[in-house]
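Two complexes come next, and they have one chain in common, chain A, joined by chain B in the first and chain C in the second.
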Partner chain A sequence: MNVVDATDRAEAHEDLEPPSLLTIILDTNPHAWALLGDSLPLSKAVANLLVFINAHLAINYANRVAVIASHAERAAWLYPTPAHARKQETQMNGSVSNSHAQNGEGRGGAVQPPDDANKYRPFAQMEYAFMDNLRKLMDSTTTEAIQSSPSTMLAGALTRALAYISKQTSTVPTTTTNAQFNYSDPSSVAGGNDLNNDPTSNQTTQGLTSRVLIVSVSGDLADKYIEIMNSIFACQRLSIPIDILKLAGDPVFLQQAADTTGGIYMSLSTPQARAGLLQYLMFAYLPDQTARDHLIMPGEDGTCLLCGSHLSMANYGQKPAVVPRKKKGKKKRIADSGVDTPGSGSGTPIPV
Partner chain B sequence: MSMTASQRALDYLEQLPGTTFTKLYQQPSTALAIFRRMLPHLAKTLVMAMLYMPEPFATTSLDTWVKGDAESAQAKDRALSILQRLRILFDAPDAKGRSGIRLSEQFAKSLRAALTGGGGEHRSFGVPCSTADATTVTVEVLDTFARRQWEAILYYVVGSANTGLGGAANISQGTKTLLQKGNYVRGTARATSITQLGFTFLLQEVNAQIWDLLIVYLNYSTELRMDPVDVLSFLFTLGSLELGISYSTSNLTPTQLQMLEDLSDFGVVYQPPEDKTRYYPTRLATTLTSDAPALPNSNLSSTTTTSTTTDTTTSTASNIPSQNEKGYILLETNYRLYAYTTSPLHLSLLSLFCALKTRYPNLTTAKITKKSILRALALSITSDQIITYLTTHAHPLMRLSTPTLPPTVVDQIRLWQLEGERMKSWNGFLIKDIGSQEEYEKAVRMDQMTGYFRGVAVKRKEAIAKREAEMSVKKEVL
Partner chain C sequence: MVSRPKDRVQARWEEAANRNWELQEGADGSIEGVLGGLEEAGKRKRLLKDTTPLQRGIIRHTLLVLDLSTAMNEKDLRPTRHLLTIKYTIMFVREFFEQNPISQLGILGMREGLAIRVSDMSGNPNDHISALKILRGTEPKGNPSLQNALDMARAALYHTPSHGTREVVIILGALLSSDPGDIHDTIKACIRDRIRVRIIGLAAQMHICAEICRKTNGGDENYYDVAIDEVDYKQQLMAITTPPVLRVTDADSSDTQGKNQSALLMMGFPSRIVEEKATLCACHGNLTRGGYLCSRCKAKVCNLPATCPTCDLTLILSTHLARSYHHLFPLRNWSEVSWSRARTKGTTQCYGCLSSFPAVPKQHEVANGTEHDQGAAKTKRAEGASESSRYECEACGDHFCIDCDVFCHEVVHNCPGCQSTVPADISEKTNGD
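Let's look at the complex of A and B:
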């Protein structure tokens, strides 16, 4: 021992990471997905995305997630289910939800997945709501709407994301009396199954770290230039990084968005790279800000030290999948749009 | 030095043989729970990054991925060390013979199953009952039950410190034996006295208390020839269940059925008395594998005290849980402490380190004095425990300010402890007989960059390495 000095004793605290809110904007523009065609159908991308979301929720109990679809003619919530949609749902099948309410604790019918002992319930709830909303979105999409707008409503989705993040961030420090995560409450999100009022954990003071992930397939965004730039600057001000995963299309604004806000930008332009989507998500996009403090993220400081590993990752799609293949959910084809959405099977669709 | 609950569970897991881990990781719920609860943040990130990698992750790639500064390097070492101790990560050279790491196959398979919901019919996330229960069991009922059971245990421990306050609640003989095994109390069945460990136990937050007791239970269960894998798996399963839902006992092993009875003694699960085929996890169970507090703080007292007065207050108390969940302690900069509580349990806990002054119907005043703190220290209660306890149970008004507690008081409590303490201990490795003087100096120089060593003894050519740096030091020094 060089020095026996007892003054620095206050260290023995386990440092707890702040919970993180991941807001995913999924570009569901049917035109663009149709163009991607067989190399990466939407169903497969969604399956990969669900595993990614589960992984995010698994990392920390207080982690939250929100998914917004940037659709052809509007932006829509995929998860959590917005309040008014849920209300309609409950009215429609009121008797069903009543029996559920008696059975459980009034969790309501809309986000009620089938009971499955093989799946962690919060994951199942999230997936069920997500797939349900995505299917409804696709069902409600008319041919005319698609024909009239070949672009995607990224600006709207980004604004919604920002509003949601701001709301969540402001509610976090005051949730000290919030008893627990309530599945019947549409404003709550999966993974928040905690009391969140443990002052020793310091979570209240650390607050929520938020980030946005845009999974983009559309190219032309020029008509919404001002709105998008405004949102980007707002993110910059709030120091919310915008991560961009570009699957197709011309990247001009989005690259700038990632650059301005300190997010990650990657473009998976080849079918090979797209096949390794899940690995890209898990490797590059999963680390939250706390972890990024210790990691060199792709594109940082103008150099890409990760390139070596990423190049090799491009081959992953060709290798046999590590996951046992499971029966896929039934598919539903939407007229004229050429987009597949997997049905809401009880299990997560397995990435292939 | 108080250990966190996960640290304690980690220490327990670490001493298990490797085959036990293989068996444990067969359950997706266990893999998920260990992933969530036991791993440091960077380790989680690393595991997730490697989860879908078909090949070992080359060490060189890992080094380029993690930033080069000392702090990140330490975080990396810590992550790798814990992963290896939990048998999640193994060294594996890749195809070209370069050194690399890979995940334990069983663990990776189970974690993937947990994320995707596949992996066959493992049913490790609990089988919900398909039929409705004859009597509705609400979350409030469960909370009350959990609180009553758990508080009875605390009462028993406190009661052995001060017989005037405890004694009201009854706990089963098994639990009493367990508390003795855990060395929280000692003595005969008639007259028990609290031990130092007992004090430590009392002042922890509830989650840590449960883990403590469960680990004692785990150790004890091997004596009863229960399979520790069965016991552990069930505990981790409990952690992933949802509050307010009844689960079926149909898929449980005989060991786990036996556990159910013991656990309902602790208040961790609730079994309706008329229907033994189902069980409800209480909040104590569902927060087992999270960092969330297991019981809303002062609920601990309110129900038991109100239940002794009138039934109406109990019902109103459960209707407005948000008010009950708040803390009850106000601490001023002049060392005065006001406790808005009527619970004898709270008072006897406070009396461990405060001098109680006046008692009103709903308020007790006390003062923190040097004498009272020193008395607590003599019982081997640490200043950190006192401060944590005060913080955890701070009144909402106190929480409005940051820091929650007045810094002067906190510092003074620490200083009082320092008066009696000049030594500090760590777990580490003694490295000695390092080749030549030159090599030794090289190692010491390296330490200045990496911070692996806790201390060096130049004359004897020895060094003490930090525990988490074991791997790196072995690699580079030896």
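Let's look at the complex of A and C:
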């Protein structure tokens, strides 16, 4: 519109936080989850993850999410739902009209969640599509497939996540054109974004900031070393941090990924730590890149996220006394309203 | 005077020119038919490269020779040749060390008939960049001398180990070379020392440049080119950051110097340590709380890659080596997909990014289509672009959009399809190789 009538509209100068795309790679390797069954079954982890995703969607209305399962023998989309899966569904149901499948365009919109007036619609759509696809993925897993490959398809999941991110980023309009590394433009170079050597120029981006979160349970990934390294370097070039949440397995490899790309690495190796999965997700992984500039991020030594003081894992969830509280009143109100009204999160699997 | 024939063949420089005014609209007034896929074809043109795995020289010793003569004051490249060269050279240095983390680079200049040293051979990009920034304030002067530059480069590369490559990259703005002696002797000496010379001209072709490049590259004529504009200049410069293919002659000459020496190279892979109290590092003498311990002598260095200051061991991280893997195992090119192929596969979405493809036309529409319609459909897409906007990886058979094609080949160097499924026959032929 702005181009057509050459007017300068107010939206162009919005001073909002840029929307962020969170891509979660969930390692669904059945072997590894079976080993974790006592302390953290997959269903519980998924319930925690859904709360986390909802929180991400709630922070900014323009935030987006994508979930990819890195399964034993293939990598598959959990959200948004790919077209062929949707088509099968419409054929089975026979009732959903064709226009949905065409309009959906990879938003998972065509998979109709049950109507619930009390639930925020994006939550409902995401949850329904996610759970539905995960169930289908598990149902379609054959014993032979599990036996043949004890590992997980992390390289494929990462590559697909990156392809998706690059496409999403290129379709989002930006007010500053050169902010993102444009790989298809011959006049740009990797790592050479800062041609004018102006570090502040990136701050004005209104485009999509993306990050990848890998929830990993499998150990050995050595057979895909080159492919995973390729993806990691691509992330580094595009300045996409890879956050790692390691629930089990050998840490060396993914630690490198987080270190190279500037993401957060945390390993929950004890059952006690795994019990606090949601807290870890919310505290360590919820802030996006813009917020992370102002926070002290957790390191290997269990530093407090807010004040940087050392904490043992036992009192991790407590509020440190020295943190300045800016909006005391607002915080209280939210806490109150959460108790009485049926929140928009009703129906979400409750992490217990 | 012989008059020019009227229907003369298009000159080479004219071929690349795009004649927008000759575009014809279709009957319905759309120019999509004419432009169809021009953009996609352009994107793909850069992609379609040779993907045979080759032995490449990852440890490079490169000297960059910049022309600092009066010819660089020309303003045909904006703002001037000199300033643009410095700007691009800074980008080149960054990209070079990104692609070749264990290589060494040095920069020379040609000014007033002499060769001057801008920065010494070093593996640290910041040394070069700061030297280049100082150079920005100086004025180009006098004539260049190719012979002096080559002689100095030869001397600088003389002591480099035989397992690495020895390369000289010359950026030449002038159309002359004022040499003190016979340059052909210098060329012969360069060939003897296994030095490969590449020249990027900024003005016009020069015979002596072509000869230098041809002779030092074993008869290959692709190493000399003239940049036609800023974009072309940058592309040519950036193309040099890709590690060069090792030639048979390189292997032969290193054989004579000892087989074991060239085949294996001693390196240390230290791991990072975090200390309670700050200690001095061996490389700068600064107090730091972390660093890497040399695997042989336990000296602490702050940054990798580095050469251990105590025992001269090359210290790198495995990630530095892994950065070069995609040069060694390139991703196979994807092929265009015809409508009939798209119909049999029935793909509606890009496998990588889930964006929708244009729908496959109905079978009877194509069958009933008149002759000229089919002809139009054929000429509709530019060379290299797929008529169905789909691109197929031949290893896994999945279809991708043009953006994913470019992205996967230029950035990730992985095929999303091959990586996401276990190949039917468990062979090692993954990643489209």
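Everything below uses one rule, namely that the second predicted complex is superposed on the first by the 243 of 352 C-alpha atoms of A that agree within 3 Å, B and C clash if a C-alpha of one lies under 4 Å from a C-alpha of the other, contacts with A are read in each partner's own complex, and residues count from 1 in each chain.
The definition used in the following text is that contacts are C-beta pairs under 8 Å (C-beta built on N, C-alpha and C of every residue); 3 or more make two chains touch, one makes a residue touch a chain.
These figures come from a predicted structure and were not determined experimentally.
> Output check: A:Tyr164 vs chain B and chain C. Expected answer is one of first, second, both, neither. What do you get?
In the superposition, A:Tyr164 contacts chain C only.
> Comparing chain B against chain C, which has contacts with more of the residues in chain A?
The larger set of chain A residues in touch belongs to B.
> State whether A:Arg121 touches chain B only (first), chain C only (second), both chains, or neither.
first
> Classify the contacts of A:Ala222 with the two partner chains as first (chain B alone), second (chain C alone), both, or neither.
Once the two structures are laid over each other on A, A:Ala222 reaches no partner at all.
> Chain A residues touched by both chain B and chain C?
The answer is residues 102, 105, 195 of chain A.
> Okay, in this complex, where on chain A does chain C touch?
The touching residues are 73-77, 80, 82-84, 87, 102, 105-106, 148-149, 153, 155-157, 159-160, 162-164, 166-168, 170, 183-184, 186-187, 189-192, 195, 224-227, 229-234, 237-238, 256, 260, 300.
> Spell out the part of chain B that touches chain A in their complex, as residue ranges.
Touch list, chain B to chain A: 1-2, 4, 6-7, 28-29, 32, 35-36, 41-42, 44-45, 48-49, 51-54, 61, 64-67, 71-72, 75-76, 108, 112-128, 130, 132, 136, 138-139, 205, 240-245, 251, 283, 286-287, 290-293, 296, 321-323, 325-326, 384, 388, 391-392, 394, 396, 399, 402, 404, 414, 418, 421-424, 454-457, 464.
> Any idea which chain C residues touch chain A in the complex?
Interface residues on the chain C side: 43, 46, 87, 91, 94-95, 98, 230-231, 234-235, 238, 274, 319, 322-323, 325-326, 329, 348-356, 400-401, 403-404, 406-408, 410-422, 426, 430-431.
> What residues on chain A touch chain B, complex-wise?
1-2, 4, 6-7, 9-10, 12, 14, 16-17, 51, 54-55, 58-62, 102-105, 115-121, 123-124, 127, 176-177, 179-180, 193-201, 204-205, 278-279, 282-283, 286-287, 290-291, 293-296, 305-306, 308-309, 316, 319-320, 322-324, 326, 346-348, 350-351
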